Amino acid sequence: MNDIADTRHFRGTGQEETAQERWARFKPIATGEDYLNSLRGRKITCYLFGEKVQDPVDHPIIRPSMNALKATYDLTIADPDLASAHSPLINARVNRFLHIVESPQDLVMKNRMQRRMGQITGTCFQRCAGLDTISVLHSITYDIDAKHGTPYHQRYLDWLKLAQANNIIVGAGMTDPKGDRSKRPHEQADPDLFMHVTRRTEQGLYVRGAKAHMTGGLNSHWICVMPTMNLGEKDKDWAVVGMVPADAPGLTYIYGRQSCDTRALEQGSIDQGNAQFGGQETLVVFDDVFIPWEHVLMDGEYEFAQEMVTRFTAYHRASYVCKTGLGDVMVGAAAAVAEYNGADGASHVKDKLVEMTHLNETIYSSSIASSHEARQLPSGIFMNDAMLANVCKHNVTRFPYEIARLAQDLAGGLMVTLPSQSDFEHEIAGPLLEKYFKGRAEVPVEYRVRMLRLIENMTLGRNAVGYLTESMHGAGSPQAQRIQILRGMDVERKKDYARKLAAIPVKVVS
Amino acid sequence: MNDIADTRHFRGTGQEETAQERWARFKPIATGEDYLNSLRGRKITCYLFGEKVQDPVDHPIIRPSMNALKATYDLTIADPDLASAHSPLINARVNRFLHIVESPQDLVMKNRMQRRMGQITGTCFQRCAGLDTISVLHSITYDIDAKHGTPYHQRYLDWLKLAQANNIIVGAGMTDPKGDRSKRPHEQADPDLFMHVTRRTEQGLYVRGAKAHMTGGLNSHWICVMPTMNLGEKDKDWAVVGMVPADAPGLTYIYGRQSCDTRALEQGSIDQGNAQFGGQETLVVFDDVFIPWEHVLMDGEYEFAQEMVTRFTAYHRASYVCKTGLGDVMVGAAAAVAEYNGADGASHVKDKLVEMTHLNETIYSSSIASSHEARQLPSGIFMNDAMLANVCKHNVTRFPYEIARLAQDLAGGLMVTLPSQSDFEHEIAGPLLEKYFKGRAEVPVEYRVRMLRLIENMTLGRNAVGYLTESMHGAGSPQAQRIQILRGMDVERKKDYARKLAAIPVKVVS
Amino acid sequence: MNDIADTRHFRGTGQEETAQERWARFKPIATGEDYLNSLRGRKITCYLFGEKVQDPVDHPIIRPSMNALKATYDLTIADPDLASAHSPLINARVNRFLHIVESPQDLVMKNRMQRRMGQITGTCFQRCAGLDTISVLHSITYDIDAKHGTPYHQRYLDWLKLAQANNIIVGAGMTDPKGDRSKRPHEQADPDLFMHVTRRTEQGLYVRGAKAHMTGGLNSHWICVMPTMNLGEKDKDWAVVGMVPADAPGLTYIYGRQSCDTRALEQGSIDQGNAQFGGQETLVVFDDVFIPWEHVLMDGEYEFAQEMVTRFTAYHRASYVCKTGLGDVMVGAAAAVAEYNGADGASHVKDKLVEMTHLNETIYSSSIASSHEARQLPSGIFMNDAMLANVCKHNVTRFPYEIARLAQDLAGGLMVTLPSQSDFEHEIAGPLLEKYFKGRAEVPVEYRVRMLRLIENMTLGRNAVGYLTESMHGAGSPQAQRIQILRGMDVERKKDYARKLAAIPVKVVS
Amino acid sequence: MNDIADTRHFRGTGQEETAQERWARFKPIATGEDYLNSLRGRKITCYLFGEKVQDPVDHPIIRPSMNALKATYDLTIADPDLASAHSPLINARVNRFLHIVESPQDLVMKNRMQRRMGQITGTCFQRCAGLDTISVLHSITYDIDAKHGTPYHQRYLDWLKLAQANNIIVGAGMTDPKGDRSKRPHEQADPDLFMHVTRRTEQGLYVRGAKAHMTGGLNSHWICVMPTMNLGEKDKDWAVVGMVPADAPGLTYIYGRQSCDTRALEQGSIDQGNAQFGGQETLVVFDDVFIPWEHVLMDGEYEFAQEMVTRFTAYHRASYVCKTGLGDVMVGAAAAVAEYNGADGASHVKDKLVEMTHLNETIYSSSIASSHEARQLPSGIFMNDAMLANVCKHNVTRFPYEIARLAQDLAGGLMVTLPSQSDFEHEIAGPLLEKYFKGRAEVPVEYRVRMLRLIENMTLGRNAVGYLTESMHGAGSPQAQRIQILRGMDVERKKDYARKLAAIPVKVVS
């Protein structure tokens, strides 16, 4: 079908796994503990610090990122109304991260759950992109079928039922490496810089390429690969959507490092700031990975790529409401440090906490409003308002930075001059530090240190990746939102309002 | 009952109007034209530029403010779904500005109508405070009755039915002059600096004082007087709520002037920028004005004053979503001027329009979100979320200024160096101006002038009062919102999130 | 020399004024009163509100703008060190607005004088552009002569000596109307949209066109016409610089209107806010105006147009330090109102005053720094640093808007709801206003009103033109500064710093 | 003299080092290499990660901070005009970091050198506080002597001559731990929470306490201890200034950790971002450290403490101009990454670089202006303008955060998802990374990684401490500047300007 395919050596042997075999490896996950266990013993190739990781679940750098996902299971038990919903697909209560959006209120509940998860973990809990992928595929597969008579929507529903029943985590494999940005996928010197189909057989197709910045990639059970931008006719082989188990043959994970990541390897947990939770970004390489037809949801319908991305960003940019949960932690941590320093009564301190809250709630507003203004798509699913979702995300590229700045202001300089936990535990240095870092009488020095390390963690350290840089670039960099706002702002209608008030009878510029 | 009353000369003669007589003067208003007619021939004392105004309706400075209110009637006809609702009270469709909030969606519809009205008028249309007054009185009268066994709620409902049936405009008389701000009402050298009861008879009571910054005061049919802040036991006589017809004996209006107001007196309408619509602020003096008991909704229940103000601001701060309608006009006007100047293709121009839109939609978000998060009060009415309403208004104290700055940027300096319309019409000067102010070939110079004058109107002129200064101070100045945000931010809960993540086991500062 | 000239009817009769005759009309101006007298009885055609102005000096709208210039004379007497300097050209002390920049310190003294003038007048005092024109012509005429052997520099010096001796005001006629901005001067449908030479005789040359946004045009004694942007070879006839007396035949002034300008026509001065001082913008039309060769300083040397503009903007953008003088007034007015309201002790009030001051001094910094970093040009004159001058002006396009916003915050809503002075003087309304607008006991209501009107004047009214919109567009709109910053930022040098630190050995992208 | 002294066990034995002995350990440092050698073999107690550091010079975490100081020596050789000056004290050229400020231009040269050092090192080079200490002691010792007849100024000059001759580094020991911030030094439960004199002998005095956040403490040759805030009469024993060699008996250093500090311990240098240079913060504990009288510059003159701090902050807040050097690196790095990504032509990219530059030069302005406006103190030294220095520093607490945010924007998300250097060097993972991280053809992947790691280093990593948090808190936290701006803003004079313009004849509020 295309020539590229034939010039390659293929991993495929004709003995590829069937869709059934792939699902057979799973059993329903009920608890967070089940989740951790589900990640053990998988045959996965993952590199971290130049070494193959043997057991990701027990790796001290990786584990906190799994804990964050674990919390999405635990929350379902602790607060089922918030974190689960009834799925008519399987007529059972399912984790809200696997639930189909049946109403605007479902989107609002999603936002609330995301904020709550941010409060609980103080980091990126990595499950939103998968949820938003599920949402967008519902309508896109439906729309493709309507045009092309393809069977994608039913395949999607079949897959989703099993996903819900097994309560799995799906990761969103969207961002291709892109190579030379001035060139289209089919024009790249190396065709693999965008993921594409390399062969098609009776059983399925094979994809090659890589997905970068894959949030929680290694922590997922399934990965959905999908195009990252609009495609043209010549990019047909790049127009592919499919579901792949995270342990499928041909996958390689290379773990991204984060600021202060190795503190997790040190003795003692204080200097980590947030020892329990962290984020995860991986590069996932697909070396002719097989996808059975049952799990193929797009193959060549390039003209739907742009709309798929647009809908995905509408869902996903509003998901950045999660950062308000982290913002709540920032407000709390800054307030606590001010209290420990004995400065909580100062008017400028209160004023800064108010400003942080104001900015944080402004973000929250746009997400909730976007959900409230949702409209129903032909497939029956609801999609939140795209303009307000872009506005939400655009504020997320600004306000967390200002909140972090204010938190550093309230934290004081000690945050970056504190000695290590080992020094605090040293027989000579320790007592000196206890003596000289004593502030308010009733506050143990260790508490002050812990709170400062948490702020460091979120503004400079490991979770600053999630709170700041990911806020900037996740779900699209600021300029991407500005382009969407430009497209959606309907300036002609607004000119018309102005003309009416200025009593200008006609439009003179076409 | 109190001594102050007896030391005064009273207007009251024992021949005061009854509640029935007061309502008898009204007949149902259906159209905007009906509304204007309803304002004609009233016996009202109003001063403007040191003179008693004979016929406000035809006064060129006053009329634009009435036109803005007129548009609230016209919109009901043009877009009934948006601007009217079914009232179970009278089992009829009523203007949404008189409708009781029966659901969060009612609040959302209110917000949409407010934005639309802003787009249509480009100014303050003066009817929101009245609506928000109606809303707050529903629950407050109910709550007072529940505690004190008073009959306020039924009186309120009776009044409201007639208000709905007659489709009248009610103004919110809230802001007292306040005098020395370090003193409580009863401590003021002049007790009238806060409105208070001066006498009580069998028929009703008398109030004395003034209400400042009364938006659209002169354009209302009824005025609701109510306390402006929390009151103590000694302020009992100041704890009064009542409904007064705008033409009741004892009322005096003194008209506030606005930037460029007298342009409306000049020949030609171009220099007004927005010749059709304007706002209105008045000082309304109450010189022992009678209120029959049927229209008294609070009398001495001082402990409800603060809660009434708090609920009122929750409703009213979200009403500032109206400014997004004006923001739409600003975006449109700036885009149109850029187009007339031939600069609309420049990337920095598009970027500024995007920024204006982004800020505008951010305001919109908070209002919609606040409405969506509404909760029901004991009286059955819904109230929007107070935190998000404060956030909404707080952004309104900032973003319109930035939007106006960007609009001035895109307008170019000509906006403030343009000669007058008379010069454009002068036989010698006119052709010179036509010649030298010619820009893009297809754009008449007059259109360019008109659009610039509109931007001047909204950023420096008459409607800058509504778009900027009122955005700052209406419904409470910025610091008022910050105090509410401080109160509502629940910092203890947020400290708890931080402590959990920092693994600090206990709270050590009480 | 060019064909355009011959197809026109010329005003010129061969009996044109000589350079000597033109100077003969002047006599040295010593005091501000002399200045006002020097403007009386001139044969000048000026239109305002569709009428020919008979005596500009006594026109209530125009006079405040002349008062502002008058203050530049008065200051020389009140503070000679600040506002005058020794001129070696005529070996006498001259007004600093006519002084050649002999050192960086001269530039610093200019900045200080500009700030002081802003404090004194609270408006644009209209004399900076003329000073900056004198400065740029010193070096540009020198440089043209060096290349072309022309006699411009000596002509310039001769003119300047007389200007200094007579202590005249020179206006900067720079901004052409520009017409279709996508076309060069010679490409315009109407060649007059940029000022150009229409004929040359033995005595001199004739110019036709117009200068827009001419600050203080009518208040000047001489106008310097000069190109507004870079020119090409085909624009040679548009490359003209010359000195023209403000009352030369062929000139027509059309007065630009400003927000609230007609308040100066009302009885009473309170509502003007700043009754004494105002700015002025005019369109000045040149209908074949003669310039004797002695006053021609460029004629066809088109390649110097861009450099002339660049140097002019370097000088002039730093001159916007004057706005810090207005900023001082804003801080003072806001502080005074807060005091009158009894709110001056509140921490948020103090904090806002600090912020206003901080922003104001930030602007001041860039101007002083730009002056300090001045370098000497071949002609011997000093020019301030262009990057820092652009940075100064760019902050001026932002910070005054924020200062104005904060001033409105501190002023309170009363600023835009105050009735007119006539109402305060009315026998019935007046006492009511006195009663109800009483704040702090020791503060007369009138003082409170006056201070609020001053803030209105500077943020919405007549002097908002100078404090806000002119801050945006004067000396070039924001984007013009960004282009200059882009050009001057030397990004290659900065990349080199980064490469060294990142240990990247070579530059790989050319 | 005070009782505290007698209740302690003293380190002092009567065999303390003399001033001469202390200086005898030094020999003149000429080169950066000399400097490093001067730090070897010192008997210093320093803890880092719970261990005593044996050889700080060769410790991979410490060395980069020494390299930064080394560069202050190297620059003197590379650019002597910039980095050295003639000292009349020893009639020789000395490092500018040891030079007495003889003119405003000396301060400007200091600023330029600081910016240059920032460009060279991309971090805090730790020598400014020492220079500013030298500056403030010149005038303060002079002023104390003038009042008290003490011999401090001559002692100071004697010490400084040797410091200049030996070209040593002096650290500023200013910030006491402060304990309970609501209590004065003498009121603290533990008197050592502020450094104080514990005993006085014929030879000298002994101090006890600690200095926190000591920038470059371990890298200094001498430490100047001095009070951190205003003191009262009962705090007399806390009013002590003295010069102490960094290796004096009784000193203990505890090294502060920084974000990503341990990357310096990893194999390979790429992930450090800036492997060569870093900052240093230490807690320095003084356990009854002896200071001979020759090196005591204040002892009990508590009333000078506040003025000393005020002058120090005037000098030191303008020293934060160094951050513009780091800002230059940020601009360069962001521009380089954009170039490597092939995005350097996009208008929004250029616009962001312009904004970064604009903010950076705004900071620069205030520093230069502050220096230019310097005035001479009685001792003959010049001090820069305090208002503008505070304004400079206050902008430093804001703009670097925004510059960093914009740099992260331009960097793209890859900055926080990049795998480690070891992965790039791994035989399997490495080629995959090379393949998929390939961007623009001519740019090696390694260069892209290096540039991203540099931005990470400065915005999240080790040098984010210097570029961000130290910008916030060094030389005083934001609120400290606001207090100084409040004190210096002379609001009464500004009210007077406003009153004049508003025609208010008298001041009515006292």
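As written, the chains take the letters A, B, C and D, and residue 1 is the first residue of each chain.
Keep this in mind: a residue touches a chain if its C-beta (ideal position, glycine included) is under 8 Å from a C-beta of that chain, and two chains touch if they have at least 3 such contacts.
Just so it is clear, the structure is predicted and the values come from calculations on it, not from any experiment.
*Asks:* In terms of touching chains, how many steps apart are chain B and chain D, taking the shortest path?
*Replies:* The least step count works out to 1.
*Asks:* Let me check something: if the centre of a chain is the mean of its CA atoms, which chain is farthest from chain D?
*Replies:* B
*Asks:* In whole angstrom, how far does the Cα centroid of chain A sit from the Cα centroid of chain D?
*Replies:* Between these chains, centre-to-centre, one finds 40 Å.
*Asks:* Measuring centre to centre with CA averages, how many angstrom lie between chain A and chain B?
*Replies:* Inter-chain centre distance comes to 42 Å.
*Asks:* Please set out, as single numbers or ranges, the residues of chain C touching at least two other chains.
*Replies:* Residues 348, 351, 440, 482 of chain C each touch two or more of the other chains.
*Asks:* Touching residues of chain D toward chain C in the complex: what are they?
*Replies:* 108, 119-122, 269, 273-277, 328-329, 331-333, 335-336, 339-340, 344, 350-351, 353-354, 357-358, 361-362, 364-370, 372-373, 387-388, 391-392, 394-395, 440, 442-444, 447, 450-451, 453-454, 482, 485-486, 489, 491, 493-504, 508-509
*Asks:* What residues on chain D touch chain A, complex-wise?
*Replies:* My answer: residues 47-51, 177-182, 189-190, 192-193, 210, 212-213, 252, 254-260, 262-263, 266, 271, 281-283, 285, 341-343, 346, 348, 397-398, 401-402, 405, 408-409, 412-423, 425-426, 428-429, 432-433, 435-441, 456, 460-461, 464-465, 468-470, 472-474, 477-479, 482.
*Asks:* In their complex, what parts of chain B are in touch with chain D?
*Replies:* Going by the criterion above, the answer is residues 347-348, 351.
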